[in-house]
Amino acid sequence: MQGCVGVIDTTFSRVDMGAEAVRVLREELPGYRIQRWTVPGIKDLPGAAKRMLDSGCEAVITLGWVGRKEVDKLSYLAMSVGLIMVSLLTDRIVVDVTVHEDEAEDPRELKRIALERARDHARNLALMLSRGPGYLTRWAGQGLRQGYPNAGPLD
Amino acid sequence: MQGCVGVIDTTFSRVDMGAEAVRVLREELPGYRIQRWTVPGIKDLPGAAKRMLDSGCEAVITLGWVGRKEVDKLSYLAMSVGLIMVSLLTDRIVVDVTVHEDEAEDPRELKRIALERARDHARNLALMLSRGPGYLTRWAGQGLRQGYPNAGPLD
Amino acid sequence: MQGCVGVIDTTFSRVDMGAEAVRVLREELPGYRIQRWTVPGIKDLPGAAKRMLDSGCEAVITLGWVGRKEVDKLSYLAMSVGLIMVSLLTDRIVVDVTVHEDEAEDPRELKRIALERARDHARNLALMLSRGPGYLTRWAGQGLRQGYPNAGPLD
Amino acid sequence: MQGCVGVIDTTFSRVDMGAEAVRVLREELPGYRIQRWTVPGIKDLPGAAKRMLDSGCEAVITLGWVGRKEVDKLSYLAMSVGLIMVSLLTDRIVVDVTVHEDEAEDPRELKRIALERARDHARNLALMLSRGPGYLTRWAGQGLRQGYPNAGPLD
Amino acid sequence: MQGCVGVIDTTFSRVDMGAEAVRVLREELPGYRIQRWTVPGIKDLPGAAKRMLDSGCEAVITLGWVGRKEVDKLSYLAMSVGLIMVSLLTDRIVVDVTVHEDEAEDPRELKRIALERARDHARNLALMLSRGPGYLTRWAGQGLRQGYPNAGPLD
């Protein structure tokens, strides 16, 4: 029986990060069925992630888009606490990808960040799932970034 | 036996968003009984949502109205964390609709936002419930907004 | 056997809101035993509420007094999350009443706000408990306030 | 068999509040064994409190010291939520005492505040435990403070 | 059978704090197997810590690196609440070490802080685990710091 990995994104997002994550996961995890759900906004992600994991998926990646207002940042905090609780309640990997609309003024740059971050974290998920939780240690402390150039290790 | 969907709003709200949500849900989900409860304010919503879901409803939509003060924003955060916890504890869909009193200075505009947001999210709930969690994927990344014009996808 | 409703307030508060809540509940819920506890401050309220509900009370009202400092607002947030968790863990009504010391400069006005808010929310609790969770719907969206004049519905 | 009450403080603290709490509890609760643990900082307090209560203590008092930086305030919030969760998960009394390093510029004054607050809250714990949860009601709404002069009730 | 202690760090970090913690733990806890995992960023730490403890480790130390932006501070808060929840759900010691990128402008100083803090807290973990939860009481109230000179006790 094939394993399942979930992708959940939002209609609020202005970039189709979910499609990007699905593409990478299909490439990197050919033995898995990739299941995709979409919810309205970031506060809907934890509940959907919990239901998807309970339906049998082994891991999930969520793709959130956060607005510019102060209240959006509070929603981001609630979502983050919720996704962490999902990982504690299910003991599964939950990769929480978020893009903040104020990360860039130029829409093309913002889109580039969003797509690259979705891809990079989908690869992270694939590596943790297929290679095990010690695999990323080769990059521990290396200042990796997703959507930006790596910051690199301090001298 | 008929399913049940819940609507919970507040007496604190200055717009009857609950009635609007009930109207849309009756239209969109003719096979369901629509149950409506009302609580004093936003911090009462998670507990009521939990009790309503435990009483047998399959999903719930809450309609909150958030004041202008800093402390209202903290109450918003507590409510948001609480509603997310409800979705994790019940594995049901909880659609959390909120209007912030500082979203518009003009009362008519604020009322319009509140009613439109209630309608739009009631439709979201109906679609997720009747069509399944993958249905909204057709609008993934499309920058949909509720109460405002859609932001649209980035080029 | 008589039901029980709990009232929990603090020694930190500068107004005896608990006595006011007890008086209203005795009037409005003659069939119930009203149990009163007092704790030092707002962060003690959730634990006491949980213990009181576990001891058999059907609902609880807490009366908190929040100081003027930034750290008091963080304590308010922690208390609010905690009281919501109590309602989720017990499936009982928890009415969380708080007065912020910076709501008024005039001590008499502040005292008036505190007492009126305690009374109004005690009545809310009595109505929800005795008439059921749909009773307040007659005031849904009516902009009710506790301790201030009602804001009223938007035109 | 003798009951047990726990005291947990930190090595981060600049005042030995734990010793002060132990002294008061020994005086006020002669029938109890007073158990003392120490952790590095405030974020370690909830876990230690939970383990101590699970090991059989009937109540616990934690003594935290919070730094001046914004991030210290966030740690304070996380600790506060955590200690409240401990009280909800164990149904025991958890008295959360904190001193903020920016409460006073004068080190002697800060030390005085810390010691007095530790003593006052240790007495609160002793009273709630030995006299029951209704005992403090005699001071409800009296504006009691710990480490500062009482604010007193509003006229 | 040998016990196990876990070390979890991130690829986001710009200093290899995990290696430093492993080195200290191997020295200080020769009877334990030291297991090391690495995750992308701080919000992944609580879930990994929970899974590692569920896999049989007796304690875990996490090493987080927090960026300079406001949203990074919110992620820090979510992580902190999450790690505290892990300690409450597992009743194990979870030592949460974090370095904030804005603690120092000079990269060498920042690296020194990170390594020293990792070492100091790894020693704290070893002491609490091998000597018991009362061992650190000899330094209670002594104003110990990790990565900075000790603040010392107030006179």
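Letters A, B, C, D and E mark the chains as written, and numbering starts fresh at 1 in each.
What we mean here is this: a residue touches a chain if its C-beta (ideal position, glycine included) is under 8 Å from a C-beta of that chain, and two chains touch if they have at least 3 such contacts.
Source: prediction; values computed, not measured.
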Contacts common to chain A and chain C (chain labels):
B
Using only Cα atoms, superpose chain C on chain E and state the rotation angle in degrees, rounded to the nearest 5.
145
Could you classify the chain A-chain E contact as same or different, where same means more than half of all interface residue numbers appear on both copies?
different
Just the number, please: Cα centre separation of chain A and chain B in whole Å.
25
Using mean CA coordinates as chain centres, what's the gap between chain B and chain D in Å?
40
Check: chain A positions touching at least 2 other chains come out as 77, 81, 85
Touch graph of the chains shown: is it line, ring, star, complete or other?
ring
Inside the complex, what are the residues of chain B that reach chain A?
66, 73, 76-77, 80-81, 83-85, 87-88, 91-96, 100, 121, 124, 128, 133-137, 139-146, 151-155
Touching chain B in the complex: which residues of chain A?
9-19, 35-40, 43-44, 46-48, 50-52, 54, 70-71, 74-75, 77-79, 81-82, 85-86, 89, 107-108, 110-111, 114
